[in-house]
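Presented below are the structures under discussion, each in the form of structure tokens.
Two complexes, one shared chain (chain A), two partners (chain B, chain C).
Up next, the complex of A and B:
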């Protein structure tokens, strides 16, 4: 009891302490002392034990690649004939999709695409499992990984130690092509893609490798792991790729950052921290960095290998990558089960280190402890002060005319009893109003055509203006009319604060369970504001309002503007990829509006109607 | 005539004496043949590989290599029980289909066309293993799946796979503990299913598996101590797996130079795979074994060697003769005292006087006695008649 009282007296200090502890813990996790080296959990992979068969050559890869410069139509015909000459079972899939929901006029435009896929059937096995090698075809330039895939296909046809079917998938239009193929493969249609059914299937897909090579040679390979909404592939797949790169002496990076030369120095620590933050940035947008994100949604572990060329540094030829791809496929061939041993939730400070969920979740717990403790302290204190007040009243025995009248039994006395339920009613009404505003924000983009015709603006501009207008409207409405509709007594204000704190903590907690990076970043700037906001007067009031404006949605987008445009984010939502837009409009915005409402209230001790 | 009679009798006696002398010499030779060596008459082997899956290739190669050696040294397939998951040779991942190698030179195919796997695939379970050892198999089990040993059989039990402290993992689904194994061997002893037993185990923490044995005449060798891992020897990079374990590699090296008539002893076998070669230290247990390891031949367990000699002479072997003595009977055990159940249940029941005593004299023996008595009477009568005149 004494400890509790002490806690309640110093709750602000405790909140600051837990918040800082969470942040510092997270930063310290990037120090090599506090995180672990990557290791293999699945022994069946036997990475790198088998030698490459050396059945291909640079000349062959270059010869294959020479076919594929130029327009897409001819490319595809050539590809089909080449794959058939290699001996694979070749099929085509046509699909149509709608990409941009804002920038197009009312009659929506469909884009067409064709996926080409070839099966190399397992020679001595039933073909119940398969591995996909996906080479996305770009529009503006060739993807030189096509040559590698074809050379590998030719080599694999001559070998009989493949226990799984290998699918060589050449997709168009980036993620849409992969999504179309996967939809048709698994029989799950998406509303924005119309995909033809597949004429042939392979076994159940165990893993997928996506390769993007924009140049004929490369200096290093960048590993891309992030999927949609914070999903990541099993860490063993990433470890497998990194191990094979090491064996063949190829430089590998994750998020374009390398393993530091000397991990134990300050530079090493900074490098680890930078890589972790970069990964979090990509994860928090909820968008995948490559086609592998689409595979990950079907529980197919997948990574993207991107070859980066730097003209100042020495380059490696494509044959090295051919051996790596073969090595990865050989290891995947050894597997009898899907990846299940290693981590699914992790952050990579470098290619060879990892931070598991057990290490980074407590940071979030500590940060979210601040608003929870504050809410708890306010609830408990109000009870304690209530009991104190009633005791005082009974002690003092102030005479009140209303009390005397009540004792007499007159019908003229006014009921001045404050029913506490009234205050909770107001709180709930306020919260509902804020959520309605959030829903309005969420639904507002459907009015974009109306706006653009009314104000003769382009769709993108009108979209942004629409969103900002709704935001400002809600803000101003709250400012001007909060006194009129909702007046809180001191207790009511307190309850509203408690409700807002709990709402914030729980909402951010739930978001971070699904996408830790997003939740953690939101909590970092939300928690200081939400913990200390209350109805104040004077210059503090305006300071609070300013701090709220700083963390308002438009400004947040302004800071992170270089990642994605608002329109793009909305399109991600509509194409069912990232739920950043719904989270921002339906969860964050109501929360923010409630906080704004707190700053708008003034300290009246009024009787509620 | 008189003279001839006088000559015949001493001559007869002399001949008789000479005959018994000859017989004694031959009996002594026979006894010398059986002395000092092992008194087993047949050899059996139970070779168990408890792992399955492609990355456990080396365990299958281990078991098959020992199988090859044991066959080469003379034990026939009918007396070998080979338990393998048998998913290596025809695995879809095997770049050498139908072949299993135990060395990266790929010179010896230990699978071949004449391998006989008795328990394959999912039949390799703890239950089947213990049933094989104790003989408690269903009546329709074919003879090739039975361990039909008797009290003069030397049995080699070789086990390999993944093990831990006090247990051995069977096919990723179950385990056998060292206590169960010790009890299985004790059941074998009580049912007189082995004469001497050599137990070799090549897994991690292997010493723990023989720690609980308590039956006599068992010698155990383990490839690693408790807390140590048995390591594999080398990789075959063209197949892409670890191809053989260290202990078995050096065991095979030892056995390669062993011929069926070899006089190599078990003491020499204990020396193989020292720590600097194997990284793990081997463990040996001989306290339950009654003979000395330096007097026990390797071929007593690994081979099927018969001591055979021919003679046209008539031999007299009594039940108390030294030839029937077991080499192990008179040697006291260094630890513990084990009392056996008598071999024939009838004797035990006799002592308890439950069953009536059987009639020991039969008709055949009566006639024999009468005939021999008659013959003697005739001879004596003849001698007396000649003496009288």
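Up next, the complex of A and C:
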């Protein structure tokens, strides 16, 4: 109890301490002492236990690839005939999709695409399970992984040990193709894609490998893991790939970062930190870094292998990758049940090390402890100081317990209860107003066409213009509301602040359960502001407003401009993939507006006093 | 407003005042009245009385002037006198107002009326004028209509395990209706597990017009909130009468913690608004969860239990029991309520017997009607066996499903008994401890059932959380209000997130969801115990005074514990 009192008396220092402790903890996570070596949980995978068959050659891969350099229409026909000649069961699926919801609001300008998929039916089982090898076809340049896939398919046809159907899936238009195919495969319609139903099915999909090769040879392979909304594939799958790369002496990277040569040095530490931060950056956008994100949405463990070529370094030919792919398929073929062991929540500081959820969650907890403690201290401060006084008084007359009791009793109950106007109803009203403003921001893009015809702007400009307008309108409304129509008493302002602190802590905490990276990054800049904003006068007030403006949504978007355009974020929200737009407008914006409200009501508190 | 005037002012002459305050004589100055006793001015004039001076300078003893009554302080003195004063209410009042006063005079259980109660009654009726309430109700209806019109949101909401349980989800009702139309037996398959009468009622309603269904659900919420409003008004009035009764056992030292009407006058409206705009309630209503009906019956039961009418009380209790079985634990509370608020003067045993008999009569009547519609005992048995044996372990916010998916089959029946007893057994000690506070007893039992029943959902908690402000006068005795309320809010938000991680993203597992739902249940139980303890403590202080005289050592220890 005494400890608690002491803690609450120095709450500001404690808040700074916990915040810094959280940040330092997070940085320390990149030290080799704090993260562990990746290991396999699923022993059934047993990677590298089998020898690869070497059935195909470099020439064969190159020969296949030569077909796919020309016109798309023609290559698709070639593809079908090639797959049929190999002996697969080939089908194609036509689909049309709507890409941009801002710039084509009225007339549906649908883009068309074709998916080609071939089943390599398992010779030894009923075909209840399958593995997908997805090769996205680009329009501007060839994907050389096509050759690898075809060569692998040809080799697999001659082998008898496959227990799972292997699906070779060639998709167009990036993730739209993959989504169209997966939607049709699982029978879930989506409103922005119109796709033909599939003419044939394989078993339930256990895992998927996406291959992207933009050159005829490669220096190293980059693993892409990040799915939508912070989803990650089971760590066993990425372990499997990394282990096989190592076995075949191929360089592998995560987010284009390699495992440091000497992990114990400062350089190694920096490299770990950089890799972790890069991964968190990608995760916090809520966007997928490749086609695997769409598979992950259907709970199919998937990774993307991207071949990177650099001119300075020696290159490997595609045959090496062919062996890797074969190895991965062999391992997945051994799988007896769905991926369920190992980790789903992790961060990778390098290809061979991981930070588990148990290690990184506490640092977020420490950071969020600051607003919680602050709120708690504000709520109980009056009680604590009261009981302090009585304790001091009673120390003198400890002999007479009755007196003490009476003292305490009188302190608590005898005095005429003069309830200060707590104004909880106004606090609730204020919070509801802020959330309504958030909802308006969330719905505002649907007025883009009206807006653009009114001001004769392009759709994109008017969309951004609209968002900014709603922002400013809410801000001005808040300012006017607190100055002219409504004022808090001191007690009310305190309660509003407590509510905002708790709201921020809970909201960020919940976000971070779903998407740790987003939650942590938001908490890093939000917590200092939220904890120390209060109703003040003079230059401090303007400093607070400035700090709020710095963390406002448009400016945050401005700092991270190169990551994703706001139009794209909105489109991804409408296609129900990334939740970044709702999170920003429905959670972050009301929170921010409340803080603005706190800075606004200061003048009136003084008058009320 | 004329009515406002009644509650604040009473016309009296100085000679009326003198006996009330035990003073020798009173003198009227320009703007105030001073009282004198033994030649000394009472330095501390009674704070409850403010004399409003008569503008045309009055003759001290004869002319009447207005007395502003703030009721709390009056009753230490001779009440009869006050009432006489009240009786001399001047002829200024309009007829309607006098009628209102006369109504007040016919209040049960008191031969006279304290101006206090008069004040409260009229203020309650004034405050929540019909227009204001109508505004709130239409707002609530609009909100629900708006949400009903967003099918995606509704389907997402209905898919949440916190909102719809196998017992109450709308999908099951739809299936049940189609089975009914095909002419099959409702309870044969695993589609519908609710009560027979409800399904028949729903199917009739749907045949009529699907729009009526939406209207039905919105109406249920409104009826519930109005019932809660009436219930809270009545309860507060009764409590005030109890506390300010002259011959009660309330300590004179407990003045500061007594209920006062100014603190309580907004409570009924707050309660009904809390129910109307509670996210839990809205979610239940919008997802068309049939739980809304048992909530309505419970609210009507609470309202009826204060009226002292055994027939209506047991009717609503029987309806609630027929719907969801667990309200049967409220039977004893109903009897106690009847005993406390009866208009006749029967003994407690007679009351209990009467209540039980009436309850059984209504319940058997319901069974008979259900039997006539379905013509098989299945219609009654399978509904209750589904509640008691918990065969469906679809996740929900309760404690049953996780345990019974884990436990070995041969222990299942044993643990079923343990878990079900856990819900019911509290009713016995609670009924003994709270026998003189039947309303508090009903509240606690409703809360316990909501937290621990076999298929709980958010709507269950919504009901008792809305009634919570009824105990606001005891809230200063709460020990961990902040922690528990934050815990409840957080877990209520985290539950759907964990559900999404488990079922949607498949990256988490059942433990995540169960942990948050367990914390949710724990928060409910903690709040309930906290409120109960606070209420008991408050009542203890009310009886013994806030700083009671300590004589034996045992008592000291008790006081220390209480503090």
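The working rule: the second predicted complex is superposed on the first by the 560 of 609 C-alpha atoms of A that agree within 3 Å, B and C clash if a C-alpha of one lies under 4 Å from a C-alpha of the other, contacts with A are read in each partner's own complex, and residues count from 1 in each chain.
The definition used in the following text is that a residue touches a chain if its C-beta (ideal position, glycine included) is under 8 Å from a C-beta of that chain, and two chains touch if they have at least 3 such contacts.
Computed from a prediction, not measured in an experiment: that's the story for all the values here.
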Contacts of A:299 with chain B and chain C, given as first, second, both or neither: second
Partner chain(s) touched by A:3 [first = chain B, second = chain C, both, neither]: neither
First, second, both or neither for A:51, with chain B first and chain C second: first
Touched partner set for A:159, first chain B, second chain C, both or neither: first
First (chain B), second (chain C), both or neither touched by A:266: neither
Touching partner for A:510 - first (chain B), second (chain C), both, neither: second
Partner touching more residues of chain A, whether chain B or chain C: C
Interfacial residue positions of chain A with respect to chain C in the complex: 229, 231-232, 299, 344-345, 376, 379-380, 401-402, 405-406, 408-410, 412-417, 419, 502, 506, 509-510, 513-514
Residue ranges of chain C in contact with chain A within the complex: 256-257, 263, 476, 482, 486, 489-490, 493-494, 497-498, 500-501, 505-508, 541, 546-547, 550, 556, 559-560, 563
Chain A-facing residues of chain B, complex: 53-55, 91-95, 97, 235, 237-242
Contact set on chain A toward chain B in their complex: 43-44, 46, 49-51, 122-125, 159-163, 330, 333-334, 336
